[in-house]
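Structures given as structure tokens follow.
Next come two complexes built around chain A: one with chain B, the other with chain C.
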Partner chain A sequence: MRARDEFFIGFFPIPPGLRPFLAAIAAALILLFAVAGWFAASTQAAPDEAGFRFDFGRQEVTGVLSLHPYPVIRVTEGSERLAAGRTVMLSGGGKFAPPQVAALDRRLVKAGGVILRRGDLDMLQIGGGERNLSAAEGDAPALSPPERLGRWRLEGEICDGKCAAGAMRPGRGLSHKACANLCITGGVPAVFVSAAPIEGATFLLMAGPEGGPLPPEALAFTAAYVSVEGEIERIGDLLVFRIDPATLRAL
Partner chain B sequence: MSVSYIPVQWNGFKHRYNLALALAVGLYLWIFVELGPALLGHASPITPPIHNARAFGSCAFLMMSVILMIGPLARLDGRFLPLLYNRRHFGVMTALVALSHFLFVFNWYFVFTPLPSWEALLFSNTAYDRALGFPFEAFGMFALLALLILAATSHDFWLSFLTPRIWKSLHYLIYPAYAAVVAHVTLGAAQGVRGLAFPALVWALALLVAGLHLAAWRKERGAAAAMGEWVPVCRPEEIEEGRARVVRLAGGERAAVFRHEGRFSAISNACAHQNGPLGEGRVVDGCVTCPWHGFQYRVDDGCSPAPFTEKVPTYRLRLRAGLIEIDARANPPGTPVQPLEAPR
Partner chain C sequence: MQTAALLIDLARLWLWAGAVVSVPFLLWGVGRVEPNARGAWIFRPLLIPGVLLIWPLVLWRWLVLETGRDDWAKRHLPPRRAHGFAALLLAVLIPLTILAGLAIRQAPPSGAPVLLAAPE
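Entry: the complex of A and B
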């Protein structure tokens, strides 16, 4: 019976000679998982400081709506946090543009919602229904024309403006790529996060070469560090980057 | 063994094994999920579903790595064999943790989208032509599918339903699945962490798994394949009572030559259950007992004792010039062979 002393057979009790070894293995396994959990948790990078600002309360503004390349409102009557003269990007709930915008292009509108803020990037999330977005009394006033800032070559990341503004943390980076593509496809403004500030701004609203939304081929380059060339123009206080998709390069 | 199938055969050891596992996994997740945010102290914390997805995903990777280490460890040091004996529970638990990871990701990134969720998962990123930005989700989905298939077919019912041969080939899926997980993590999560510590840990584990397999393989290969019909094994006194010497025969088969009560018998080294290495087992109560899950075979005819019905092939032995020799042509499973008498 000597063999049985340390030979393990599943349906018999553990041989006494093996017990200390197995107990040590069990303890080591538990310790390994605890240490690994602590280690893996501690390697998580801090997301950028950004997010929903429910603490600001509901913001109601009046302004001129523009759908190209993505929904923005050029504020004519501001709120506490969104002053007149600003150009503010708009998103709806989830990964969508606000559903009511389609009929309101270039009209004077009243909009209300919650701010998502990251640094100098503000986005207004608007819920469904008239209460949150509707045509305002009167005609749209004439606004300053876009100011052309010439052709640029920028390095940075193509993001969806909503997640980048903190709807998700992190809302950038490669593991967020599929989500960014979905937001952009859903009509959420696409944003270029520039590695170096351009005219004081680190975020630019993105557009296709003709001023429409981002062309589909640009989706292959989202969420990665890229370089791209295009024309920059200023609309109100917002820079718009009309990219030339042929110049997109992964870096 | 095979006479009837009971969903899970519980005994004290299994309970303790599962308890240790559950403790380890629970501790990992608790530390990551509950202590993690405080530990990190981020001004803008990671969104909880994303944090949870990372906790469960990284835990599943660690579990897979440990599971894959058990096999080679048991070959290198028999004391690890008991861990092999319930690897199935470990595997099922891993599939569940991986599934939770998937659900956190799916119900966060792929809902409220312009595409239906499944379409979004499959088609929102199609940049298959580049490394940075590659749809790493595809690797994860393949691995999860493999884990779920393996978990679903892990019970012995499937083993006998599919035949051990097919079952075993199916369960080799764990290797491509593991490779896919390494790719999934490298192209995905590892890109979103601070510094290189996390990817380094992932690769260190993967290399350890590969290294252990290599070491176990080299140990086995050490017993060089012998050729010819009658193949020399060793001198009788080199085999301990109740133990075996394994020989590799032409064609890659292995036979285990056992000594029992001073006489010698040879049976196939591959257990009829899951190809466990019978030659690393012992003779217990006149039966060769498999080190993996304890299936038993009589030394002289390769048959499991009643009421069980498993059989393994047997081999003829002879003595030539003081050496035991084995006939490389296996007898059909269950063929009785007169044991070889030891000299003096």
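Entry: the complex of A and C
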């Protein structure tokens, strides 16, 4: 039999003429996949330090709940990690707003859950049941009115506040966009990740021009780098960016 | 959103067409074109998902076999001949597609916030 007719069969010894070829292919494949893995990883942004902070334990705070544009609590009695005076975005489990929240708007509530944190972005994920979100005794105290900071043009990315805070590692592309849009339409607060800090904040809670939730046309611009104009106001320690959707422009 | 709804509608239409094809094919057609299937019924429901997906191919093969135009000896020759070219083409196209995707993706913005109008 001529050497070129040698045939590889897995359960027989390797034909001598094929050994160098098989060894070279095996080494080349290992090298190829290692290089491809390194190349794919090098094209991604570093995920940074973010995520669910189960190590902080369950946090329970009292404060005034506001559902506009998205659920936030203005903390009046804080916990170890969420001090009084903070304004904290709220979400429920998965891609949803906190459950049973509609009847508690503008009321004093007790809220308990786990913190998600990335940099200066905090979110409290509220579990189901009255233990985690219920009306507190007493009337809601008068809180400072929003402080207007003017009309701004910002560059950055529209994300949902939960994945951006670390529930997911914010990615890029279509799956990132679909994930963010599902979260935002599910009632999770939308955030603007600014390319540069504004008034010390990189993450701004987003709202529509009238202070309601993000308008549907803005969903076409999520998870892409955009430029957008709008009014910024400070509520507690949280900046709210009321965008003008007509000025949204992909960069 | 409208594009997504259109895609789902098209997929739904495709699957319904497959369902329509699967009824005559699995009740009569498969027995006519495949002697080993005659009198065998239990396996036929297992083919439904496949027929839903590749019903045009099912119809085409059914037609070829019914009309006696099938030449089994030649059936795999043209694809086999094209495999070498297809492999080379993919080896070039896949890296090119990845590199093109990386080249045209957005670069992170660096613009500083601009105050357009001070608060009133």
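To be clear about the criterion, the second predicted complex is superposed on the first by the 201 of 251 C-alpha atoms of A that agree within 3 Å, B and C clash if a C-alpha of one lies under 4 Å from a C-alpha of the other, contacts with A are read in each partner's own complex, and residues count from 1 in each chain.
Quick note on the criterion: a contact is a pair of C-beta atoms (placed from the backbone, for glycine too) under 8 Å apart; a residue touches a chain by one contact, two chains touch by 3 or more.
Nothing here was measured: the structure is a model prediction, and the numbers come from that model.
Colleague: Is A:204 touching anything from chain B or chain C once the two structures are fitted on A? First, second, both or neither.
Modeller: Once the two structures are laid over each other on A, A:204 reaches no partner at all.
Colleague: I'd like to know which partner A:239 touches here: chain B for first, chain C for second, both or neither.
Modeller: neither
Colleague: On the A-aligned overlay, A:123 touches which partner chain: chain B = first, chain C = second, or both, or neither?
Modeller: Touch status of A:123: no partner.
Colleague: Regarding the shared-chain residue A:43, is it in contact with chain B (first), chain C (second), both, or neither?
Modeller: After superposing on A, A:43 lies in contact with both chain B and chain C.
Colleague: Tell me which partner A:65 touches in the superposition: chain B (first), chain C (second), both or neither.
Modeller: In the superposition, A:65 contacts neither chain B nor chain C.
Colleague: Given the touch rule stated above, what does A:154 touch, chain B (first), chain C (second), both, or neither?
Modeller: Second partner only.
Colleague: If we overlay the two complexes on their shared chain A, which of chain B and chain C does A:224 touch? Say first, second, both or neither.
Modeller: In the superposed model, A:224 contacts both chain B and chain C.
Colleague: Under the stated touch criterion, name the partner, chain B or chain C, that contacts more residues in chain A.
Modeller: With both complexes superposed on chain A, more residues of chain A are touched by B.
Colleague: Just chain B (first), just chain C (second), both, or neither: which does A:109 touch?
Modeller: neither
Colleague: Residues on chain A in contact with chain B in one complex and with chain C in the other?
Modeller: Shared contact residues on chain A (touching chain B in one complex, chain C in the other): 43, 45, 173, 219, 224-225, 250.
Colleague: In their shared complex, at which residues does chain A touch chain B?
Modeller: On the chain A side, the touching residues are 2-4, 6-14, 18, 21-22, 25-26, 29-30, 32-34, 36-51, 93-96, 166, 168-170, 173-179, 181-182, 185-187, 219-225, 250.
Colleague: Show me the residue ranges of chain A that touch chain C in the complex, using the header's touch definition.
Modeller: 43, 45, 148-156, 172-173, 194-196, 198, 216, 219, 224-225, 227, 229, 250-251
Colleague: Spell out the residues on chain B that touch chain A in their complex, using ranges where they run on.
Modeller: 9, 11-13, 16, 20-21, 23-25, 27-32, 35-36, 39-40, 42-47, 50-51, 54-55, 58-59, 62, 66, 79-83, 85-86, 108-115, 120-121, 124-127, 129-130, 132-133, 135-137, 187-189, 191-195, 197-198, 201, 242-243, 281-284, 289, 291, 293-294
Colleague: What residues of chain C sit close enough to touch chain A in their complex?
Modeller: Interface residues on chain C, with respect to chain A: 1, 102, 105-120.
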